[in-house]
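Shared between the two complexes below is chain A, which pairs with chain B and chain C, respectively.
And then the complex of A and B:
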């Protein structure tokens, strides 16, 4: 469904994503794990073509999207929820969603199905998004990305700084999206949270993909996490 | 609830337009002329607000767009003896071309660099008006004759030197600009421009071609500025180099900041307040700019979003 082949990206002269080969199947959740500065966020940025120079091939549903400009990548079917949410904080919840929907030519049933996933947002439609709680902001950021009906969703640390009940809610949404056939590339720091939703885990370090293993393998072998991240589960 | 708010907002804007129309029947002679002038400057401020208030691009080159309209209309009437209507239409075309050119170049930069590039374009234009004095008459400027400002529309003749015609033309232009800006603010384009202002990268990540959208904003803003410049010269019969100085770009910025950036009526309110603040204070002292400056400092302290921006933030979130 989605694949990166020999994929590299640069910050100026330095190569921050190096020769990555990765595949994500439809409805599969692949989690990227790595230490701080390993290149996880850079990799997501590079997929969205938000970095000045990239190499390699990016395909989505057998279509080469490597040469698409940054604004065409979401239109091709990749949604991105960046770290720190980055909402349009002066706009209301409804206006934030409208901006997401406009790209999708405002299919009326899309908003309904998105709000079904995040019922709390229904009650907050007229609230200025900057005044929402952290968890609600995260939900709005995800909801807005879903308005374009992505085939692949990139989530960058969606549970960062959230309370346990919100984390559980976001986990539920990820599970629902999975059953709807949306593929997810998830960057996450909480190993526990990852193992509950992911199908596979990809370990990266200094921009290189070290290994990709299934969650069942990680669960069986406690040493895997320690080997790649230097911490115990 | 939403429809009700939309209606209230529509009535509010309609009331302002109606109020300005009715004002002509009560204003004394001096204010009659002053309000006519401020209405044209308000059109300029509305144009500036589309780029700055809605899109978040701070330009210091809008004096150029204003002067492009001013000089296109002024030069064609003065030297080529075109009719007022022909001059007005040609200034729209030239303003459009200048907007496309400036946008295509300046939008390759952002932030302070965008400000500087627009300023440089404007300076080049200003120096051009001083260099080609054979045509522009530099600082002395062009004065259009009364005969050159008469035109026929729908079999009726109009004289733009007649104060009542001037008032109605200025009012009509301002009304159309307010309606145009209102429609844009409520449209998909307006929402996308606000999204760019709030977070351009994020907007791009949602699938918007932000460069094209910003270019559209520059084109709309620049062309409307040129229209206001053309109207100014045709109504007040004078075009001089001083209109191309940075002062005019800063004036548009101040009108917008004072009234409320990103609100439809904010720039109009700002233009009226600034104009009359300077007008009234200059009656009492030669240090009127100092007093105006102090008043502005207080206004910015207590209304950091501008007057209507603050009203919207605190009480009327539905205000476009």
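And then the complex of A and C:
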């Protein structure tokens, strides 16, 4: 469904993502784990073509999207929920969602189905998004990305700084999207949360993909996490 | 003349100043707000608008002053907008909109436009006839109907701009681009196209302001410096990139400029404007309506 082949990205002269090969099947959740500064966020940024330079091949549904300009990547079907949410903070909730809907000229029923996943946003439509709570902002960031009806969703630390009830809600939404066949590339620090929703885990360090293992393997072997991340589960 | 009527006259002059300044500053403000480009050539787009107005008026002659004026109102923003589009495409885009590089580049554009106009138009100031003559008679003095038209036209254009920015999809796209360039792209907004249109629109506002004012002030190849300086003052006082701030500051500066010029001298008016900028920079660096950044 989605694949990266020999994928690299650069910040100026330094290569921050190096020769990554990775595949994500339809409805599969692949989690990227790595220490701080390993290149996880840069990798998602580069997939969206928001880095100054990238190399390699990016394929979505058998279509090569490597040469697409940044604003055409979402049109191809990739939704992005960035680290720190990065909402259009001076715009209202409704306007943020409208921008998501503009991508593919989505119909209003798309908005309806997105708001079913996050009912609290229905009551906040006219509120300026910068004044929402952290959890509500995260919901809006996910809702905005879902408005483009993505085939692949890039989620960058969606549970960062959230209270447990919000984390549970986001986990639930990820499970729902999985059953709808949406593929998800998830960057997450909480190993416990990852194992509950992910199908496979990809470990990266200094921009290189070290290994990809299934969640069942990680659950069986406690040493895997320690080996790649230097911490115990 | 008594103090009251003289104050009314000075206020009307201030409103004319404010009307033209708000249009000119709005262009500069949009360019900076959305693109983060400090357009030093903005005053030359203004000057070019005035020169095109003179050219249209001189071709048709004083007999057809109204026709010449209407043609200029349409043609000047269009020609200047196209020139701005070309500048954006071949200069600013090549520099990847880097703030420092674009300042130097727009200084270059300033001199190219200015010297080209000097060579083709000459060094002399050229008058343009007002498109119509009528006086509004107050009990104490008569006042130019054309000047009131300038105020009215500016209000119409500013209201239209507010409507576009606040209520339309185009405005939403511009505001999203202004707030987060990367996220705008991640949601399908072609920011290079947005930048091109915004740069052209900014220049068109300057050209329009010049067409409105040229029957009062004359066209001259060096006339761009003053509106550029005043626009910078307005944009800094209003808050960099804040459209609301730019309009409020333009009214404030325009009124104080008009009133102080009438009661004292234009030099003192400029000194007060510059002092206001200094005060804002010291006590509220983000400007009246700007957002404080860490």
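Here is the rule we go by: the second predicted complex is superposed on the first by the 232 of 233 C-alpha atoms of A that agree within 3 Å, B and C clash if a C-alpha of one lies under 4 Å from a C-alpha of the other, contacts with A are read in each partner's own complex, and residues count from 1 in each chain.
Just so it is clear, contacts are C-beta pairs under 8 Å (C-beta built on N, C-alpha and C of every residue); 3 or more make two chains touch, one makes a residue touch a chain.
No experiment lies behind these values; they were computed from the predicted model shown.
Chemist: Using the superposition on chain A, decide if chain B and chain C clash or fit.
Modeler: Partners clash after overlay.
Chemist: Which partner does A:153 reach: the first (chain B), the second (chain C), both, or neither?
Modeler: neither
Chemist: Name the contact category of A:110: first (chain B only), second (chain C only), both, or neither.
Modeler: Neither partner.
Chemist: Touch test for A:102: chain B only (first), chain C only (second), both, or neither?
Modeler: After superposition on chain A, A:102 lies in contact with both partners, chain B and chain C.
Chemist: Just checking: does A:128 make contact with chain B only, chain C only, both, or neither of them? Give me first, second, both or neither.
Modeler: first
Chemist: Under the stated touch criterion, which partner chain does A:92 make contact with: chain B (first), chain C (second), both, or neither?
Modeler: After superposing on A, A:92 lies in contact with chain B but is clear of chain C.
Chemist: I'd like to know which partner A:70 touches here: chain B for first, chain C for second, both or neither.
Modeler: both
Chemist: Could you look at A:209 and tell me whether it touches chain B, chain C, both or neither (first, second, both, neither)?
Modeler: neither
Chemist: Mind sorting out which residues of chain A both chain B and chain C touch, each in its own complex?
Modeler: 48, 50, 69-75, 80, 82, 86, 88-91, 95, 98-100, 102-103, 144, 148
Chemist: Any idea which chain A residues touch chain C in the complex?
Modeler: Counting only chain A, the residues touching chain C are 45, 48-50, 69-75, 80, 82, 86, 88-91, 95, 98-100, 102-104, 144, 148.
Chemist: What residues on chain C touch chain A, complex-wise?
Modeler: Touch list, chain C to chain A: 169, 172-173, 175-176, 179-180, 182-191.
Chemist: In their shared complex, at which residues does chain A touch chain B?
Modeler: The contact residues of chain A facing chain B are 48, 50, 69-75, 80, 82, 86-92, 95, 98-100, 102-103, 126, 128, 144-145, 148.
Chemist: Okay, in this complex, where on chain B does chain A touch?
Modeler: 188, 191-192, 194-195, 198-199, 201-210, 317
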